[in-house]
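In what follows, structures are represented as structure tokens.
You will see two complexes here that share chain A, one where it goes with chain B and one where it goes with chain C.
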Partner chain A sequence: MDLLTFARGPALQWSLIIFAVGMLWRLTGILLLRRKPDHSEPRHTGTWRGALKLIATRSVPKREFWATTAFGQIIGYVFHIGLVIVIFGFVPHILFIRSLTGLDWPGLPNSLIYLSGAITVAALIAVLIRRVSNPVLRMLSNFDDYFSWLVTTAPVVTGLLAVAHLGARYETLLAIHILSICLLLIWMPFGKLFHTVMIFVSRGTTGALFARKGAST
Partner chain B sequence: MAEHDEYTIGQHLQSQGISRRAFLKFCTAMASALALPPSAALAMASELPGKRRPSVIYMSYQECTGCLESLTRSFSPTLENLMFNVMSLDYDDTLQAAAGFQAEQAREAAMKANWGKYLMIVDGAIPNANNGYCTAAGKSALDSIRETAKGAAAVVAVGTCAAFGGLPIANPNPTGATMVSDIVTDKPVINVPGCPPIPAVITGTLAHFLTFGKLPELDQLKRPIAFYGNTIHDRCYRRPFYDQGKFAKTFDDEGARNGWCLYELGCKGPTTYNACATVKWNGGTSFPIQSGHGCFGCSEPGFWDRGDLYKPLSAGLWHGNMAAELGTAAVAGIAIGGAAAMAARHRQDAHQKKETK
Partner chain C sequence: MSEATLPPLDTESPRLSVEKPGQRYDVQGDIPDPERIDIAMRSFVRDFGAVAATYMESCIHCGMCAEACHFYVQTGDPKYTPIWKIEPFKQAYKREVGPFAPFMRALNLKRKVTVEELEEWQELLYDSCTMCGRCTMICPMGIDIASLVGLARHGMHKAGLVPHELWAVAERAEREGSPLGATAQVFEDRVEWMGDEHDVDMHMNLDEAEVLVTMSSIEIQKYPESMAAVAKVLNHMGLSWTFRTDGYEATNFGLLSGNADWQKDMSMKLIEAAIACKAKILLLPECGHAYSAMRWAGANLYGKPLPFKVRHISEFLGEHVADGSIRVKKGLGTSVTFHDPCQIVRRGGAIEAPRIVLEALGAEIHEMEENRGMNWCCGGGGGVITIHRADALRYKAFQIKMQQVEKTGADMLVTSCSNCRQTFDDGQAHFHWDKTAHSLLEAVADNLIDEES
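Moving on to the complex of A and B:
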């Protein structure tokens, strides 16, 4: 079995199984935790609306903190949007998702994907430089932060190398690219990348609580 | 054979009525196909006429004769035919008139007369599970290839079956088929894969050997880099559509009619190294992608067993029922998560009881 067949076959298959087990394990484990009973009288009944509102409003930068958080927020937005374009806009990626879910949508031209990929890598490098150069951020960072950065950046870099045929033969680069995605899938439920799901759960929970209490968000 | 050996290629060409101009055109085309510098065409033109026709022994094993069909069914007169005519094809059980003992005697005589110098072409995989498979003239394929390869200057494995096992090696491989390079380990082996290979690729490889006395530069799979140095995708005339994100979704939709990229329909051009997109077939007329069908990747090892002939390259290669496996994984994840939450609740209760006491 060659490397590409291994990557497209057993590696992808097992990493998806681990991903499915891990994501649902973590999510079910958190959602079924006992919550403190709230005996207060609810001020509002629109808790779902409050949850959705907070998910949206917390994504908008706050004017009060803009001066100090602008760089981090902009870079964060750049690489997150870049990742979305690359993951969901590139036709081979859409075909991969289609093979799993049956879902299909139109793709974007490759030139736009390559540009987004390059900008994403640049933003991810900027994020890392900021993390290691800022004393406070550096102190707050642990293995999880750096490894999560690595497994996020690796698929984008290897994907760009594959399309540019740089460093090795295409099939080898493609296999490495797929293996880097396998690593991402395996790590996602167990590290900080779990925020891809939890960000909605945690913000929604907070939003629902705030709405119940009648707090302004 | 002895009679053949008296003549040089130049004399043979003259006897066939082939003009100097046609021969020079052939040399230029071959040098160009092999990505050699212009001086190589001159070297070919000056070297080849003076050379004696090399003895070639063509052995067929587990194959469909498609490779030989490819080589011989070229339109006449072609450069490929021209090159084939200047070889002394001393044994080929499909083409030769002789049969039985006479045919075997021809092979043995050619081997004896050209010991250490003849070129052996192998077509087909070699069954290794049972000596009874693929027996000819009382000899098993394994014994036959070993015996003939012993006196060869080099062995050319023509077609994917000979080069990588091809269809015979595909699961469940009942004959224990194997490739030439696994059997012949003490001679230079050159692989010319394809199902079938392009005639010009076969003759180009032979022309290189004849002119320079050595095999052309090979890749890691022992294929001539001149022909197998680029992927079909990189040389495909439909590549601009791939870059624009324009794909045919079925074989008869608007995209297919417009000649858009066949990636979504399972084209393996991006991972297939061959000259189909440049040299093409039938005198440069067309190749599979041009006729509307994606590349199967037939010049790559194990192309048949991957089971993805019509799956896009980026789709996973699943073994078993993917939906069932992912469903089981999801149920297992929920069960583990539920058990973890219950354990956490139990700990909370125990802690609360302790505090109440």
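Moving on to the complex of A and C:
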């Protein structure tokens, strides 16, 4: 079995299994913990609305915090949007997702994908520099932060190298690209990248609890 | 600290606490270290449910919460980053409770927290956190960090790792019924004194009343006019109301110190007193944490919905000024800025009521630039005001507040929390500032329209 066949075959298959089982395990491990009933008299009853509202509104930076958090927020937005464009806009990715799920949608021009990929890598490098140079971030950071950065950045870099045919045979570059995605999938349930799911759970939880009290969000 | 060595109270200075200790006792009891850690962690995870676990699993280490915290903003010291304040407990959660806990323990990926770490974290969990919840407003994941600090304090209290003064006042509250010496007898005497002084009818220990009125010990000892003020308002409304010596003190230092058992004892006194007099409303005083303790946690400690409504005095005033049952004249006639107490406004949801009242009083409201849910804390909440060694840090945080107030250009400063008021009094004395925080309740009582006039 050559590297590409391995990457496309068992590596990807097992990664997806670990990803799915791990995500489910962690999520149920959190959500199945007990929830105490709240007997206090609610100020408002629209808790679901509160949950959905906070999920949406917390993505919008607050005026009061903008001056001190603008750089971090902009750079965060740039690489997240960049990742979405690259992952879901590149035609070969869409074909791959279609082969797995049957879902299909139109792709974006390759030139836009390459540009987005390059900007994403630049933003991720800026994120890393900020993490090691900002005293607060440096103090908070642990293995998870740096490893999560690595497994997020690697697929973008290897993908760009593959489309540019740089450094090795295309088949080898493609295999490495797929293996880097496998690593991302395997790590996702265990580290901070799990925030892709928790962002909805956590915001929704606070949104619902605070809506009940009429508290500010 | 034993009963014999309980530090004396200082009730003369601008802020009330125990006297500044010559020798600090920030570790209580003589439990061996390993046991201390086990107790801390066991009691921390005891109350762990899906909500706290959700928050523990969600932090992305973005550090944005630092920018919302007055203690970080004023010092630039990374250790005051809100989420860092619960770091040992985050580790303990992942090691003991989280979905991957068995792996964490087996591979020692999250090591055991040490007593030395918890002792170091005491300053972060108590001295430098007012549980004001401003950090909750910035967290991109929506984590309610203040609630996690509350849980961590449970562990710290069980382990006997509470700052000297906060432990002393909480223990006194459990034993005497008040953290600041306002025992039932003192309370009764002072109510009588205020009744005479202000020529207002006081009601004490009635068997039946529509409203049970509770007080904060800060008011009883430092701002006793509050007792006369609430009496004037309720008499003006023609309501049947009572103070009761078996349930009058609402501050709940059990909650602030982290002792869940004491918190329950303190809440149950009020609940039982309200039930005993068949009250329809339990009226909470101008005190922020009293509101969190009773309005949101009271029924859960009781185990079922309360058979009466719980209202903060500012909500009560707002509602009844609006419906006309409290009639006030536009007596303030000046520019006023309102300091939003965090637990009542940001975290409690009673946001517009004080503004309705101030407008009715003829105030020209000058809002602070960051107001309502975004308001900066005074720096004295969460028990911080009692801790002498936190003074320097607290004064730094207070400077934000002074600047905010000054910038409004308002002539008068009003708030609806006596703990905020004493923090302002103390800051005012320290900085020789010319602004005094006034009580919303007293402003109403001073401007009631007398039926006979």
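Just so it is clear, the second predicted complex is superposed on the first by the 217 of 217 C-alpha atoms of A that agree within 3 Å, B and C clash if a C-alpha of one lies under 4 Å from a C-alpha of the other, contacts with A are read in each partner's own complex, and residues count from 1 in each chain.
Quick note on the criterion: contacts are C-beta pairs under 8 Å (C-beta built on N, C-alpha and C of every residue); 3 or more make two chains touch, one makes a residue touch a chain.
Bear in mind that the values here come from a model prediction, so they are computed numbers and not experimental data.
Once the complexes are laid over each other on chain A, chain B and chain C both fit without any clash.
In the superposed model, A:I129 makes contact with neither chain B nor chain C.
In the superposition on chain A, contact is made by A:W25 with both chain B and chain C. In the superposition on chain A, A:R34 makes contact with both chain B and chain C. Angle at chain A between chain B and chain C, computed from CA centres in the superposed arrangement: 170 degrees, to the nearest 10. In the superposed model, A:V84 makes contact with neither chain B nor chain C. Touch criterion met: A:T205 reaches chain C, while chain B stays clear of it. In the overlay built on the shared chain, the residue A:A168 is in contact with neither chain B nor chain C.
In the superposed model, A:A56 lies in contact with neither chain B nor chain C.
Chain A is touched at more residues by one of its partners, and among chain B and chain C that partner is C. When the two complexes are overlaid on their common chain A, residue A:G72 makes contact with chain C while staying clear of chain B. Superposition on the common chain places the nearest Cα atoms of chain B and chain C 5 Å from each other. Common to the chain B and chain C interfaces on chain A are residues 25-26, 28-34.
The touching residues of chain C, when paired with chain A in their complex, are 48-51, 53-55, 57-64, 66-68, 72, 78-79, 81, 83-84, 98-100, 136-144, 295-300, 302-306, 309-310, 345-351, 370, 372-374.
By the touch criterion stated above, chain A contacts chain B in their complex at residues 1-2, 4-5, 8-10, 12-13, 16-18, 20-34, 91-93, 95-96, 98-100, 106-111, 165, 170-171, 174. Of all the residues in chain A, the ones that touch chain C in their complex are 25-26, 28-41, 43, 54, 58-59, 62, 64-65, 68-69, 72, 76, 134-142, 144-145, 190, 192, 194-195, 198-199, 201-207, 209-210, 213-217.
Chain B makes touch with chain A in their complex at residues 231, 233-234, 242-245, 247, 263-264, 270-271, 301-302, 306, 308, 311-319, 322, 325-326, 329-330, 332-334, 336-338, 340-342, 344-345, 348.
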